[in-house]
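Structures are listed in the sections that come next.
Common to both upcoming complexes is subunit A, partnered first by subunit B, then by subunit C.
Let's look at the complex of A and B:
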């Protein structure tokens, strides 16, 4: 007997997504990881995105089974192996936001809040951004997003999504040491990013997702086995270029995007941290760049000397 | 870099220095709303644009800038032309 199709309505920060699926692993995933985001009365709300995840057609239901992602009846991605369906839903939801939510400046970064202070953690893929994000959550920081910083150009506040944290490869075992075991989903092997595990967001983060946060600090991080904790202040022009480079929709927002990014670096300080201990990194984030306070080395972040650096439109 | 500048250069009249530049200490970022490119550069580049916005003879200002910085200025001017902040006239 074929599994029945179910509809779920997810409230993730400012967005409501209708997910229609007959894939049992996605149904299980939504019931566990989005338990606190499910809307009981969807008819009272405007639905931003209508998506469906369905099994492959014909023989692809049984031979090398596939999952297919549809948005408004169209299929923006190639099918993936069926075991990757929950991860495909997350990647698809990221795609929906970065391609449609242009009321925000969207930066590829994690965002968290503690004591009313918001931080943006920017790092290239594989630099330990999600691992650090998961650790900070275990230390009482409120999760806004592990992947997308949504900054309102008018208020400069960061808006949260409180969606699952996407851990990869070695970070999964590491995070099991400090996050509750019940929050971990099934491990998904052999994705394009390696082994992936989705971690349920903490209840308080979901409950307070509607509270935006001002940006107090921009943090550029890099995991480095050889460096216990190295902290540098990042020069504001360098920080601005990094934000521009890591933004999904900067070019589309044009002068509004530039004005927003400019105001972010004017209002917040920016630091660069190389670390091999998550606890030291958290201390550095909290204490910032005060070398007298935490004893870490302090310099000035700067790329190689040059006359100019160009960033081409994204 | 070989200097192949147009004979006459002018600042794009639609470029807003206030809205499209950011200065901090010795450096600056210039954004082109025409091509969506951004450039991290020395603050002297924004100062050049500020002078050009008031100059009677823009080409003369550019020549003077290039003379003072023979090594880097040619690349900077070429980039500003590519970003359509400066225009050949």
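Let's look at the complex of A and C:
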């Protein structure tokens, strides 16, 4: 028997997305990972995006089954293997935002908040951004987003999505050490990015998603097996160039985009961290760099992630 | 209006690529400020896209002008690019998918050569597609600038070359105006612009953006008919250009769906181009449907029939039967081969 089509209404930060799907893995995924985001009374809300995920047509239901993503009656992507459907939904929702939410300057970066201070973690793919993001979440940081920094050009606040964290390959095993096992979804092998696992954000992050945060720090990170934790201050102009390069709609927003990116780097300080110890990296993010040293190698901390205790910043 | 209804309007306007046009329309009706912010922000997001397109268009216009004026190539902007460059106010917010230009047949080779030397490259095509474009269609294979990523369609004809009843591009090339910026670029005269839009729309076989395209014609006519000789010029050009059926249909649905005011004598003039009873009986309900709404959620089961009628009509109009059948077979075989698909859009 064919599974029945269900409609779900996900409130993720500023967006409400209608997801219509008959794919059981997506239905299961939404019930577990979006448990706290599902709207009970969709009729009362303005729906931003209408999305559907359906299995492939005819033969493609049984032979190499496929998942297809539709937005607003059109199909922006090629189908993917059916087992990747939940990841496809996440990628699709990212695509919706980067293409249709130009009320924000959108930067490819993780965003988190602690004690009212927001940070942007920017890094190229594969440099441990999501791992660090997951670790910070385990240490009580509030997750805004693991992929997209949404910055309002008028207020310069970052807006959160509190959607699942997308972990890849080795990061999955690593993150199992510090995040509750119940938050991990089914592992999806052989995607374009390798093995993927979606990790549900903690309840408080979801509950407070509507609270935006000012940007106090921009963090550029790189995982490096040889460095325990190396920290360096980043020049404002370099930070600006990095933000621009990693932005999805900087060019499209034109002067608004430039003014916004410029104000971000003026207001926030920027650091570069190379690390192999997550705990040290977190300390470095919180404390910044040792002002006494002249920008050369500083900030070597040592501690085991398991023994790490949280000190509230003074 | 309920939140649900408002979000349907956004979704539907997005489907027709008309989101950015909602702002001037809502402002004219004096309802913009009453709309909830959730609604407004989608329109404003699209407005950013529109403003950016305009900026890119002006930039490309400068590049093309520099290149073509040096080589004495004549070029005419068509459709979206023309509406924006001539600054037709009621076309504010109208998005375009690429820049269309018309170049006289004898200058096509020079123009293509020059464009390719300056970074405009053909998208990857099979040999069949390339041949199809050049021999059967009305344009050379689409160009994209390798760095700026803007897309350019260079037309040498109004309708596919294989049609012997298409309008002669030379006639349209005599109905042009210079752009006021002394770049040497031209656009079609008002009556030619309207006729060109109508001919294009009624030679389509897919009508996903039919609502938008008909609305273009409504807006153009409303704007141009303020000039006293517009209707007279339209009828005069119609005599020499042919394809009167297209304008017959255009006027018919502009009146039915948008209550456009058209002088009685013009309506009467176009009556002679009404298609035969059988064709009219098949196409009229189909056109009424696609011009009111074909947003998928509004479609009933029977509507697929209308879309099929128009799909076949469009293809039969565009290609002679002897060419159409092999073409459709080739295309469907091609589609079955998964190795030859385009690169997917990038996902994160």
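A few remarks follow.
FYI, the second predicted complex is superposed on the first by the 291 of 314 C-alpha atoms of A that agree within 3 Å, B and C clash if a C-alpha of one lies under 4 Å from a C-alpha of the other, contacts with A are read in each partner's own complex, and residues count from 1 in each chain.
Please note the rule applied: a residue touches a chain if its C-beta (ideal position, glycine included) is under 8 Å from a C-beta of that chain, and two chains touch if they have at least 3 such contacts.
Bear in mind the structure is a predicted one, so any value in this text is a computation, not a measurement.
Of the two partner chains placed by superposition, only subunit B is touched by A:262; subunit C is not. With both structures placed on the common chain, the touch criterion links A:250 to subunit B but leaves subunit C unconnected. Looking at the shared chain after the overlay, A:237 reaches subunit B, while subunit C stays out of its contact range.
Of the two partner chains, neither subunit B nor subunit C is touched by A:63. Looking at the superposition, the partner that touches the larger set of subunit A residues, subunit B or subunit C, turns out to be C. Within the superposed three-chain model, A:226 lies out of touch with both subunit B and subunit C [touch as defined at top].
By the touch criterion stated above, A:73 is placed in contact with subunit C alone, subunit B being left untouched. Common to the subunit B and subunit C contact sets on subunit A are residues 251, 254. Note for the complex: subunit A touches subunit B at residues 235-238, 240-241, 244, 250-251, 254-255, 258-259, 262, 265, 307-313.
Listing the residues of subunit C that touch subunit A in their complex gives 2-4, 6-7, 10-11, 14-15, 36, 38-39, 41-42, 44-46, 48-49, 51-52, 55, 295-297, 341, 344-345, 347-348. Residue ranges on subunit A touching subunit C, taken from their complex, read 42-48, 50, 72-74, 76-78, 88, 91-92, 94-95, 98, 100-103, 108, 147, 192, 249, 251-254, 256.
Only residues 16, 19-20, 22, 24-25, 27-29, 31, 33, 35-42, 45, 71-72, 75-76, 79 of subunit B touch subunit A when the two sit together in their complex.
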